[in-house]
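Per-chain numbering from 1; labels A, B and C assigned in written order.
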Amino acid sequence: MDFVLSKEHEMLRKMYREFAETEVKPLAEEIDEEERFPMETVEKMAKLGMMGIYFPQQYGGAGADVLAYAMAVEELAKVCGTTAVIVSAHTSLCCAPIFEHGTEEQKMKYLPKLCKGEWIGAFGLTEPGAGTDAQGQQTTAVLDEAGENWILNGSKCFITNGNVANVFVVIAVTGKTTDKKGRPMKEISAFIVEGTDPGFSQGKHEKKMGIRGSSTCDLIFEDCVIPKDRLLGKKGEGFKIAMKTLDGGRIGIASQALGLGEGAVEEAIKYTKERVQFGKRISQFQNTQFQLADMHTKMQAAQFLVYSAALKKMEHAKNPKVSYSMDAAMAKLFAAEAASDVTRRAVQLFGGYGYTREYPVERMMRDAKITEIYEGTSEVQRMVIASNLGVK
Amino acid sequence: MSEFKNTVLEDFKNVWVFCEQRQGVLMPTDFELISEGRKLADELGVKLCGLLLGDKVEHLAKDLAGYGADEIIVCEHPLLKDYTTDAYAKVICDTVVEMKPEALLVGATNIGRDLAPRCAARLHTGLCADCTHLDVEMSTYKDFLRENSTLPEARIENVGTAMVLGKPHDVSKDLKMTRPAFGGHLMASIICPRFRPCMATVRPGVLKKAPFDQARADAVVITKPEVKLCECELKTKVLEVVKESRKLVDLTGAEVIVSVGRGISKDVEGGIKLAHELADVLGGVVGSSRACVDSGWITADHQVGQTGKTVRPRIYIALGISGAIQHKAGMSDSECIIAVNKNDSAPIFEVADYGIVGDLFKVVPLMIEEFKAAIANK
Amino acid sequence: MKIIVCVKQVPDTSGKVAVNPDGTLDRASMLTIINPDDKNAIEAALKLKDETGCRVTAVTMGPPPAEGMLRELIAMGCDDAVLISGREFGGSDTFATSQIIAAGINAIGLEEDDIVFCGRQAIDGDTAQVGPQIAEKLDIPQISYAADIKVEGKKVTVKRMLEDGYMTVETQTPCLITCIKELNEPRYMSVAGIVGAYSKPMDVMDYPRLKDDPLIEVDTIGLAGSPTNILTSFTPPQKGAGMMLEGADKATCEQLAGILVKKHII
């Protein structure tokens, strides 16, 4: 067990932090207010290799590791939840499944452009009728008569990066099968869809409570035709791919939650040292001190869980028998709930000013809530953890 | 340079001031240095000489002498018309080697700070950069320390020797060059005990200019040493010299910021105009509080504070700004804060070094007038 | 062509500056950063590398922990780095420092088409002297306060800033250029650069490595080789509580102007 970061990781943190402070923080308020996707930030991050942090350099990645990626999302989220989730969804939900399940041709076709930020990636699993219940998929993919193309029909909703992405990993029903006990169930497969594919379109921008600069929309497939080599992994592996992708994605979202909470603690420490009431800095009141002590402790615990999940995923890459599913679920469950609690307490410490948009903590509080919901609600994380514990 | 033994200190006499001219016009700092040099030369009991380089610049000698120089050494050559490091360094070093001054002061302008280190390295001597105070006389130096340091009296009394190469050295005849370091958080007095000439660049605008003395100007002695300069020795060539007034620097880099707040509401345009006038007098830029930006009176790039820029200029003048915590967060580290506000309990006064309770529309025009006068009389 | 960039690790004076009771800087309690102007010098070099593919070497003189800074410069894009470090070099003023760094550059080898870049000045000492003094020791031309640099073959054209404008100056390689903030916007380290930062070469030059250079003599380096000595170092008096001036008329403004002049504020 090693709690000391390597020199490279320390240097990465410093770089992420400088970048976040200088390039991301000044835009955070504006993109939230205007619900504007910060494309200029994506271009800057792409130059620095932040759109493909842990993929090998042969695929255009930066050649770092999953921990380096988690730290990037964390540092971005300290100042802007939106920017953090752009990187998280792109990396974990699109690059990762292509890297982990794609053929060499698919990897060479998509990863260099994705890792270099020329393309943005997204992931389509959730449907209006299939949220937490991923088996409820309605979108279908049927091989045409010539056996050359898949034809997709249906729609996906709440897709992060939806309106800006060029490449989508999409889950669809390809037939019927039976489970281990012989009960009938849907056969699900994963596909790579490009934004320019015929019959594919994006729906309207979803107005949200938080992470308002991120693009969230529906994906619509109306006889969408894609070549047969866009099948990702084997036919029928879609559910497994989706679940594994979400395991990885949860590390990204956990990192986002971690950063949001830590950012709120930093803001609260700064503010309470400046703000004077009853002739004292409010940091001199014991309530403030205890609140901040609790808040920081929670986030520190969250950091351990998140980093440990990232290290587990790295271990998994070397030895597939090591599962990081429960670690990712615990990290996301704890970090998300901690972030919601800590950002809410930060607003309280700021008082009336905290409720205004003059200070970033109200935005952090709105941004934090989603981390308890997307890529599996906290309830789903508990199900995953319980099932890993064999509690049935 | 074999015969030039710069460690034989007694061979060196007189205080020199390098007098910088650009396109035949003397720099204001020349007069400050000549005035200060006069004081030092008197304390050492030697002559003060101005060192003037250029092409056809002899006529400037009288101006310099009028502020206190006994003698002006004029080095004229067509290749000295525009400043180049090569030509100026060569002529200065040649002249120093020949005439052996004990101290050489140079204005810390962009040119002075290019030239002086090159010369000091060639002459193998010490150079103190960007000094703000100079002394020879021990009693005045100690008085200076009493007023401008936190050193205890006992320490100040004991200043008098320095350890040089492991031996105590009496500094009473040394030029003591004081300069800020670490952005002014620390000050240091530097000496150059073993080599001559002792060199310093001096920050422009800090030392006091003496009154002009026509009798001195008329009595000027001009020395014109032979200038040996060949184009073949020059490795740099000036293609053009362009004069341009300083463009507005952004707030974070500004030395002086005059900010306006809600207090300008009764005449927004007039208030901003006043701020600009005051900023111009001090060579600064205009900033604002959030209120002015939100009201659309001024563009957002002017905003200082929590959601705007964090600044730490040398002078921050807050006009009609109440001083909400968000504003103070962005400016309270400024070196000198001056606040004008109608409300005597405005929180801005808590961080202000100087506060005036009054209507900015009445106070600022007076301030502009007085600042202008004060700067002109310096 | 190769570019040698001289950099310095300095205490971060942008935050609070910690001072010991004896008036010296409490370096241990302060964070260190790459001197800001030096970052502009690095960026200028890396831009030329982007254009021409030239090699960029970062050089610093300092204690062994300065390696961390050099690794960061490699992560920004420098090809390699040199750390000049030795007890014998301690206590050097700008004169002695330039002797040592010039000897280090000699050891790297300065060729006909090479350029040395420095930052204008370091935020700890603010002397702006080491750059020009290195140029003198290397006997190469210098151009300071560069706000624009063009390199065509051996010809180097620089926009050199003055207080009241600028001059355009031309020189030949090898030369030394000191860079200012206005020159460029330094880049960030890249993720890939950081991943490889510790596998790139870093040369440590100590006293035995440099001692045969004619610039390195007992009386030209370190404290003994420094022509200047510090007589006293002290902190200026603390800023007192604010002062509310009486009235708001001409006399008040005159009084204010008088105080500001006396305190050298205006």
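Worth a mention:
The rule is short, and it goes like this: a residue touches a chain if its C-beta (ideal position, glycine included) is under 8 Å from a C-beta of that chain, and two chains touch if they have at least 3 such contacts.
The shown structure was predicted, so the numbers you read here are calculated from the model rather than taken from an experiment.
Ranked by distance of CA centroids from chain B, the top chain is A. Relative to the centroid of every protein C-alpha atom shown, the closest chain centre, again from C-alpha atoms, is found for C. Counting C-beta pairs in contact across B-C and across A-B gives the higher total for B-C.
Separating the CA-averaged centres of chain A and chain C is a span of 42 Å. We define each chain's centre as the mean of its Cα atoms; on that basis chain B and chain C are separated by 21 Å. Separation between the centroids of chain A and chain B, computed from CA atoms only, is 55 Å. Across the interface of their complex, chain B is touched by residues 29, 274-275, 358-359 of chain A. The part of chain C that touches chain A in the complex is made up of residues 68, 71-72, 75, 188-192, 194-198. Across the complex, chain C is touched by residues 22, 82-86, 89, 109-111, 113-114, 116-118, 120-122, 124-130, 132, 145, 148-151, 159, 162-165, 171, 174, 176, 180-195, 206, 235-246, 253, 282, 314-315, 335-338, 340, 344, 349-359, 362-363, 366-367, 369-371, 373-375, 378 of chain B.
Those residues of chain C that touch chain B in the complex are listed here as 11, 13, 17, 19, 23-25, 93-95, 98, 123-133, 135-137, 140-145, 157, 160-172, 175, 181, 224, 226-239, 242-245, 247-250, 252-254, 256-261, 263-266. Looking at the complex, you find that chain A touches chain C at residues 7-8, 11-12, 14-15, 18-19, 47-50, 53, 57, 62-64, 68, 72.
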